[in-house]
Every structure is written in structure tokens, then in C-alpha cells.
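What follows is a pair of complexes built around chain A, which joins chain B in one and chain C in the other.
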Partner chain A sequence: MFIQILNGIVYGGLLYLLAVGLVLIFGLREVVNFAHGSLFMVGAYLGFTVAAMGYWWGGLLVSVVAMAIVGCMLDAAVFRTLRKQDHIVTVLVTFGILLILETTVTAIWGKAYLTYPVPRLLAGTVDIGSSPFPIYRLFVIAVSVAVALSLSAWLRYTRTGLYIRAASTDARVTAMQGINVDRLSLIVVGLGTALAGLSGVVAGPLLSLSPTMGNYILIDSFIVVVIGGLGSFAGAFAAALLIGQIHNFGAVYLPWASTVLPFLLMVAILIWRPTGFAGSRT
Partner chain B sequence: MLKGMKACAVAAVAGAVLTTAAHAADPLRIGVPTDLSGTYATLGEEVMRAVHFAVDEANANGGVAGHKVEIKSYDTEAKPDLARRQSEKLVSEGYPILTGLIASGEGLAIAPLMERWGSIYVSTINKADELTGANCVPGVFRVNTQSAMDAATVKPWLAQRKEKKWAIVAADIAWGRGSGKLFAEAVKSVGGTVTAELYTPANINDFAPYIEQVKKSGAEGVWVVLAGRDAVNFAQQSKQFGLTDAITVAGVSFTTDGTVKTLGAAAKGIYGIINYSSTLDTPENKAFVKAWVAKYKSPPTNFEGETYMGMQVIYQAVQAANSVKPADVAKAMPGHTFDTIMGKLVMRAEDHQLLKPNYFGVVEDVDGTLRPVIKTTVSAKDVAPPVTCKMASK
Partner chain C sequence: MSTIAHGAAATVRRKPLAGAALFVTTAVALAVGVALPWLVPTKIAMSLLAQAMFDALLATSVGFLILQNGRVSFGQAAFFGLGGYSVGVLIARHWVAPEVAVLIAIILPTLVAFLLGLVIARITGVAHAMLTLAVGQAFYEVVFRWRELAKGDDGMSFNLPRHLFGLSASGLQDPAVMMVLAWTILVLVLFALALFARSRIGQIAAAIRDNEERARFLGYSTMLPRALVYAIAAFIAAIAGVLSACYNGYIAPQMFHWSVSGFALIMAIIGGAKFIIGPAIGAVVLFYIKDYAGQFAEYWPAIVGIILVVVTLTMPRGVVGLAATLWKMRGR
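Moving on to the complex of A and B:
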């Protein structure tokens, strides 16, 4: 039972890392980023390539830094340029980016599944109760909790964090107060994309790598974002943990319905509280 | 009325022109709907490699009975509804001989439409018994091993094993359900018990809840009916949980060449059904493997071998019929003996199942590389499933 709860937290933690990136980007640019799953996938492949040379932690670093740069470029080249257009235009463009990234990765690494190694430091299992539990899974929990804590501290206690919260509430009014929202959004989209890269690497040893790996997990992340509230960071955390538990206990106790449970919850939330768990900022 | 008559006349003329044009140089057109981007995308890649190999080989030798071979392929994402649409598109574009679908549900979805489309389907990967059993139709043929044949192969192995408590982890699709049920029956027939029967939905990421249930159930062995991405994810995660080392792991379509290559060390010691292996010791297979290695630099995988066999069967049926029309090809198939890489095999007339031998083996280290190694061979006669098809009444 306890192990099943832990498993739920692991999957929830992964979903949180992805979902919070979506929330960050949506808050500033009001764009639902369809390319987020493929950025997660690219992050995993970059990390894998370095890890295959024997530098697992180097892979983690390379992936996060490279994806942060990609995120900044994405913001400057796409989101900023298209900000005066209808949002649907930007959404379609992100879908196009998804297709380009998938095709590029297929061309470089091929379609065959690749297995990401577990770092030597975190290999093996520890006994919890009397049941062996992979150490790596505990690491996944630690990473997501660390990201959640530092992200909320940053948003709450720093000046940049204050600006971001303000801009997420109303970008135009924030700009009128003399804050450079474009620069802010460069940081935020870069950070969100770096988190996608981080979750790609962290998820690597759990999931097999394939050019479509992002699509399978992005749907769950979108559910998390909708349930948590589109602009809410804390809401995303709570919703991710909830979906993780539903995923696990659904598979154990209601196997015939396990795949629809998250969707049912999403429908219920949309009827009961259309703005999500935590509500929206406006 | 007059307009209708006119249209009829035009159609008749056009038809006549088409049939006259369609003679001597008529190409053999094969449609290959397969999964190029879904859960079984790597299997789809193997299918395409084998199809291209067979087409190039035939065309280099002047075609099949003088007919040049042409193929066209569309992506089905292993989804039955999409498979139906893509197959219909291929047929309407002039590729009425179909092969290459991966998931059994896809084959079952198009089977009832063969008559209406005027096409035929040669299964090379679909394992659900129904395809040549309860749902059999005159236009569908199966070259690969069906689940009942796999079950007949696993029974003697099961009888000599000491594990009596088994858990089953299977894909929640037609193939997984069917194969899981047959395995449960096989376990009961040798006096064992099934402690957990778990069916996993398509495209899940985390198998942890299922691995945990297998452990909890106290099973001494686990039978895995997963393929492609699912197989890799399950094997990788159960290795991390220490399950693979604690209990016996065996499966069907699990110890495939592709999965073993991806998994590396995590695959060692896994038992499984082997439907085709590049190590088979027949002269035809040796020649095929040699030509294959010359082209692709590595030996053919099980799915590549099976798909190639499907192409061999189509070619030889075309030769026997001396026609590329699906109806003629279909007539030439039942009861015909085919000369394949697995020897001379008969397409059973009653249900259109090719009767072939089957194998059981384990993943072992062979000269530094891990690969499935055949340990037991069961003859075509011994695995032949009972005929449940009632084609005549249809």
C-alpha cells in the first residue's frame, strides 16, 4: 500500500515537472505550448547522448542548459513575434514545432527505442517495509520536491518572482508599471523549457526513449494543468500528485476504468470549478 | 434515366479499357498499412524493411512471374479505426493485396471488409485466434503463428518447470486478452495457479502499479504479453524493481530481437516464445539471412523474417494463379504448399492458417551479443490449432 503511494508520487512528480513548465509559459504568454512534450523528448535524447559517453550527471547539465537556451530562442523568435496575433496562431505554430522536432530526432537517433541508464550512484534498491524499491525512484521524488520548493520560494520572495506573479495576473498592467515583460518572459519561457529538459532526463531511465515519448506524457500533463488551474503553480503541484495517485490506485482497484479516471476528474472539475482547483489569477 | 445509362456506358468503356490495359505488364501491387508512429512503430519499421527487401529482390529477378512488384504504405498508428481507413485508401488507390498490420485489432477491423473492397489480407504479425477462427473470411490468410499455437508450444515447457504460481501481465487489446486467457488455461492444465491477471492499457508510461501487484501476488513466474514500447518499459522498470532477478520472466513477443537489443543486459535470462529466428538451420533460411546481412549488416529479426515469409507466400500464390487479381490469388492459396524460409509449409484450406513449426527459447549471450536462442522446437503438426473456422457457411 505504502509502496503504491510512493509510486503515485513518482509519477505525479514527473507530471509536475512538465506541467509547471506549461503553467509558467501560459502565465506570461497565454500560450498553450503543444511543443512542450517534444522539448521534453529532445531533452531526454540530449541527456542520453552525453550519458552514453559515461557522464550521466553531465548529461543532466547539458540537457538543462541546452533546453534553457532553446526556450529563450523560442520566446524571442516565436512567442514575442506572434504576440499580437490571435493565440490560436501561436498554438498552431507550437504544434508545427512539435512535428519538426520529432522528425529531426527521428533523423538523428532513429525510431528504435533506446534505454537510458540509471546513474551508478542511484542504481539498486532499498527495502521499504520488506519490499525492494528502486533508489532512482526516490531520486525522482527528491528532484520534483526540490523544484517545487525552490520555484515557489523564488516566486514568493524575490523581486523577479513578484514581477512574474504580477505579469501572470495581467501582463499589460504590469508593463504599464514600467516592467519589461518581454525580458521577464524570456526568463520564464527559458526556465519552463529547461524544466522540460530536466524532466526528460529524469524520466529517461523510467521510460524508453522514442521520438514520440513526449506525446504519451503530455496529455497527462495537460490534465494536470486544467485540474490545477491554468495559472496556478501550487495548483499544478497538488493536481500532479492527485493524478499520480489516481493513476496508481486506478490500476490496482479499478483496472477497467483506469485510463478514463483522470479524464472524468477533469470533466468534473471543469463543471464544478471551471478555473481549476486553485482558480485563476484574474 | 438517360443520364444514368450514359454514365453506365462510360463506366463500361472505361472498364473495358482498364482490363485490356491490365494484362501482361500488370504490376503486382501490395498495400502495406502499418504502424509508423504509434506504440509498435519499431515493429512497423521492421515490417517496412522486410517488405522493401522482398520487393527489391523480386524486381531484381525480373518480378514475380513477369509482374513488377510495387508497394505503397500508410501509417495506421496501430489503431483499428485508422487501419480501416488507411487500408481502404490503399485498396482504392489500386493496392488490393494487403499485408503488414501489427495489432490484431487492426486485422480484425479490416477482415470483414475484404469482400466489399475486393481485396485480400495476408497477416504476418496478428496473433488473435479469431482472425482465422470465429471471424475467419475467405479473403484473409495468416502466415504467422496464432496465439493458440503459442499456447500449444508453452504447455510442454510449463509442465517441466517447477514454478506453479504464475502472474500474467498483458496488453489490454485483442491479442493480449486472447494470449493471457490461453496461458491461464495452460497453467491450470499442468496443475498450477494464476495469482494475478493484469491487463495494461495502451500507451501507459508507468508500469510500477502492475509490477507491485505481481510482487504482492506471490507469483513465482510472470508471463508477459507485451510488445514494442510496452515491452521495453515493462522490462526496464521491473528490472529496477528487482522483479526480473527475483522470479522467472517469460513471454510471447517479449523476447523479440528488437526488444532484446534495446534492453541489453536487462533481457538476459528471459524465456519466451520464438516464432522465427535467423539461426534456423534450413538452406532457404541460410540463403535469406546471408542476403539480408549483405544488405542491412545485421541478421533479420523475428518480425522481419515473418514479414518476408508473408511476401514469399504472396509471390508464390501469384505464380500459382498466374494473375495479380486478388480473387485469383485468393483461390491459389488454400491448401497450397509454400516453399518458405521455414521449409515447405501448407496453408490449411479450412481456416487459411499457414501450418508452421514454433519454438521456445531463452535470451543468452552468444559470442558477446545477447539474443534469443532456441531451446525447444515444436513441429508444425504438434502446434496446429483445432479448426474453429466455418468459412463455408459465409
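Moving on to the complex of A and C:
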């Protein structure tokens, strides 16, 4: 039972890493990045390639840095250029990017499933209660908790964090106060996609690598973002943990319904509160 | 603001085609449809045209939702698949007469969309896109896992009955017949949508799209017209699903997949979602580009992605919008 809860937290943690990136980007640019799942996937492949050379931690670093750069380019080339257009135009462009990335990865690495190794340092299991539990999964939990804590501390206690919270509330008024929202957005989008890369590498050994691996988890993180209330960090955290538990307990106790449960929950919550747990600003 | 979802106002207010012109265009298009078997040289070309018509119907469904409701859907394949699966499963299992199966396959998605529309229509913009994507994918997951229904992931072939509505049903799998049938249905659908846009309820739906609060203040119920637009859009998608399932004699979860929804949306945008005929044109254009790109089929999604990015950046009103602009500039 306790093991089940832990497994749920593992998946919830991965979802949180993706969902919080979506929330960050949404806060500044008011668009949902449909390419987020494919950045997760590209991050995993990059990490895999470096890890295959024997540098697991190097792969993690390369993937996070590369995705941060991609995110900055994405913001400068797409989000900033299209900021005066209807937001749905930007969403469509990110969808186009998704298609391009998926095809590119298929062309380079092929369609076959690849197995991402677990780093030597984190191989093996520990006994929790009386059952063994992979150390690597504890590591995944630790990573997501560390990200959640440092992110909220950063947003709460630093000047940049203050600006980001202000711009998420109202980008235009924040710009009027003399804050360069475009530069802020560069940081935020870069951070959001770097988290997608991090999440991809961390998830690599748990899922098998394929060019479509990002789609399933992207949809789950959409559900998390919608349930949590678009643009809410705390909402995303709570919703990610909830969906993680539902995903896991559903798979164990209600296998026939497990994949549909999150959708049903989402529709139910939207009927009850159309703006999600924490409300939204759309 | 140049917009896809909200800026459609001008088009509808202008009343796209005046009454007489609309009827004449429709009559000509129907006549062309009848002449198609003599115009299209080979079986392969006929089959391609028939499939392009399925795409055109689905894209029209997505585009209509944008045009009339201002809602961008990433999950329209749900109704395409629901139509196809209803007809496939009901005919394969002989639970009801085949004619009834076809009717159920069209009515059920329409009803589901109406009920969903009551809930989903309240959500706007980007959240709506995410929500429809998730709902569509939920349907995919169900048919994918539920092996008893139609063999899950493998998909299921089924045999058409001998007769359908008193006619020989084998024609549905003959490219020549299906091409004319699908063309005719598409023309009639576009004609009906043009009439709807000009009707009172269509104008109310457009008013709600532009400003829901204002429409409510004017005393209109805003819930029902919006749900009605969802139902009509699903009705069109369901027809496409039924035609496609019957033509192929095969149903598979891929019919529900979000890539189907996404491609339909892309076709609508490339063609120009501010025009009733835009999505259909976009679908046909894209379909034939795909055919010519044959040897690069492997990279097709990337090609579509690039076309999409280029079109959204350079011609926000799509191919038809570009044509309309050029037409206005003629002689100047």
C-alpha cells in the first residue's frame, strides 16, 4: 500500500515537472506550449545519447542546458514575434513544432523503443517496510521535491521571482512599471523547457524511449494544469500529486478504467468549478 | 489584432454569398459531382479524391466550430471515430438493421457533442484547446483498451450488408461511387452551413462568439446556440467517420487519435477558417500535397508542421483568404 503511494508520487513528480513548466510559460505568455511533450522527448533522447557514452550525469546536464537554449530560442522566435496575435495562433505554431520535432527524432534515432540506463550510483533497491523499492524512484521523488521547493522559494524571495509573479498577474501593467517583460519571459520560458528536459532525462529509465513518449504524458500534464487552474503553481502541484495517485491506484485496482479516470475527474471538476481548483485568469 | 478565433465577425456580417449566387454555386458543384466519373481518369485518382472528401468533411467540422463558436478544438476526431465505430460495431454484430446502424452512428456523436458542448463551451481559448484534446484522447484510450468492443489496438474489419437503404451497399466500397457520394455530401453540407450562417440562430451564435456577455444582456440564451454548433460540427465529423469506415470496411483506434484531430485543424487553418469553404479547400490542398510528397511520406508530419508554421505566420487568413485578397486587388 505504502509502495503504491510512493509509485504514485513518482509519476506525480514527473507530471509536476512538466506541468509547472507549462504554468510558467502560460503565466508570462498566456499560451500553452503544445511542443512541451516533444521537448520532454527530445531531452530524453539527448540525455540517452550522452548516457550511452558512459556519462549519465553529463547527459542530464547536456539535456537541461540544450532544452534551456531551445526554450530561449522558442520565446524569441515564436512567442515574442506572435505576442500581438491571438494566442491560439501561437498554440498552433507550437503544434507545428511538435510535428517537426517528432519527425526529426524519428529520422535520427528511429521508431524502435530504446532503454535508458539507470546511473550506477542509483542502481539497486532499498527495503521499505518489507518490500524492496528501487533507489532510482526515490531519486525521482527527490528531484521533483527539490525543484518544487527551490522554485517556490525563488518565486517568493527573489526580486526576479517577484517580477515573474507580477508579470503572471498582468504582463502589461508590469511592463508599465519599467520591467522588461520580454527579458523576463526569456528566463521563464527557458526555465520551463529546461524543466521539460530534466523531466525527460529523469523519466527516461522509468519509461521506454520512443518518439511519441511525450504525447501521453503531455496530455496528463494538460489535465493537471486544467484541474489545478491555468496559471496556478500551487494548483499544479496539488493536481499533479492527485493525478499521480489516481494513475497508480487506478492501474492497480481498476485497470479497465485507469486511463479514463483522470479525464472523468477533469470533466467533473470543470462542471463543478469551471476555472479549476485555484481559479484561472483566462 | 489579427485573430483566428475572434476576428471572423466581418466575414459573417458580410454574408459570404448572396442568396442567388449561393444556389447557383451549389447547383454547379452538384453537377460537377455527377460528372466526376468522366472527369477523373483512374481508379486510384478516384479513390484519392474520395479520401480527400473525408478529410474535407472533417476539416469543415473543425472549421465550423471556429467560425461559428470561436472555439478551437483539438479533439474533433472523437466524433469522427465515434461515427465510424458505431457503424462498424453495430453492423459487424448485427445488433440492429444496417440502416438503423447508420442512423445511430450519425445521431449518437451529435447527441454526445451537444451534451459535451453544454459543459465545454463555457471554457474559452487555450484552455478549450487543451480540454478538447484530453476529451478526444479519452475516447481513444477507451477503444484502445476495450478489446472486446472491436479488438482494441488491432482494429476490426467488417463486411457491409448486401443492401443499404434499398440500394446495393457494395457501391460504398467502389471508388467511383464513393467519390460522387462524398463530393455530393460535402457540397450539401457546405450549402447547409452557409444557410445556417445566414439564419437567425446562426447570427445569434456569431453574436455570442463575438461577445457572450453582450448577447446575454440582449436577452439571448447563450448556452443552447453554442451547444447546437457543437452538435452540428460533430454531425459533420460523424458523417465523415461513417463514410470512411464503410469505404475501408475497417475501424481502428487511430480514427480517434489526436493526430487526426490535429491534422483536421491544420487543414482548416491552412485553408482559412474564416470561410465556410476554407477548411475543405485546405483539406484537398494538403491531401494532394501529401500524395505528391509520396517518397517523403516518412517526413510527412514535419512537412505539415513547416507548412503550418509558414501559413500561420505569412497568411493568417489561409489559402482562401489569400485568394480573396488577390481577387479584390485584381485590375487595380
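Please note the rule applied: the second predicted complex is superposed on the first by the 280 of 282 C-alpha atoms of A that agree within 3 Å, B and C clash if a C-alpha of one lies under 4 Å from a C-alpha of the other, contacts with A are read in each partner's own complex, and residues count from 1 in each chain.
Basically, a residue touches a chain if its C-beta (ideal position, glycine included) is under 8 Å from a C-beta of that chain, and two chains touch if they have at least 3 such contacts.
Not measured: the values here are computed from a predicted model.
A.B. asks: For the overlay on chain A, clash or fit between chain B and chain C?
C.D. replies: In the superposition, chain B runs into chain C.
A.B. asks: Of the two partner chains, chain B (first) and chain C (second), which one does A:40 touch, if any: first, second, both, or neither?
C.D. replies: neither
A.B. asks: Looking at A:259, would you say it contacts chain B, chain C, both, or neither? Reply first, second, both or neither.
C.D. replies: A:259: touches chain B and chain C.
A.B. asks: Check whether A:210 is in contact with chain B, with chain C, with both or with neither, and answer first, second, both or neither.
C.D. replies: First partner only, chain B.
A.B. asks: One more residue to check, A:30. First (chain B), second (chain C), both or neither?
C.D. replies: Touch partner of A:30: chain C, not chain B.
A.B. asks: Between chain B (first) and chain C (second), which does A:3 come into contact with in this model arrangement: first, second, both, or neither?
C.D. replies: first
A.B. asks: What's your read, chain B or chain C touching more residues of chain A?
C.D. replies: C
A.B. asks: Of the two partner chains, chain B (first) and chain C (second), which one does A:84 touch, if any: first, second, both, or neither?
C.D. replies: A:84 contacts chain C only, not chain B.
A.B. asks: Quick one: classify A:233 as touching chain B (first), chain C (second), both or neither.
C.D. replies: neither
A.B. asks: Which residues of chain A are in contact with chain B in one complex and with chain C in the other?
C.D. replies: Residues 259, which sit in both footprints.
A.B. asks: If we count contacts the way the header does, which residues on chain A are in touch with chain C in the complex?
C.D. replies: Residue positions touching the partner: 26, 30-32, 81-82, 84-89, 91-93, 95-100, 102-104, 106-107, 215, 219, 222-223, 225-226, 230, 256, 259-260, 263-264, 266-267, 270-271, 274, 280, 282.
A.B. asks: Which bits of chain C are touching chain A when the two form their complex?
C.D. replies: 1-7, 72, 119, 122-127, 129-131, 133-135, 137-138, 141-142, 145-146, 258, 262, 265-266, 269, 298-302, 304-306, 308-309, 312-313, 316
A.B. asks: For chain A, which residues count as touching chain B in their complex?
C.D. replies: Contact set of chain A toward chain B: 3-4, 7, 10-11, 111-115, 118, 125, 131-134, 136-137, 203, 205-208, 210, 212, 216-217, 220, 247-249, 251-252, 255, 258-259.
A.B. asks: Where on chain B is chain A touching in the complex?
C.D. replies: So the residues of chain B touching chain A come out as 37-38, 41-42, 45, 198-201, 203-206, 208-210, 212-213, 215, 228-229, 232-233, 236-237, 240-242, 258, 261-264, 266.
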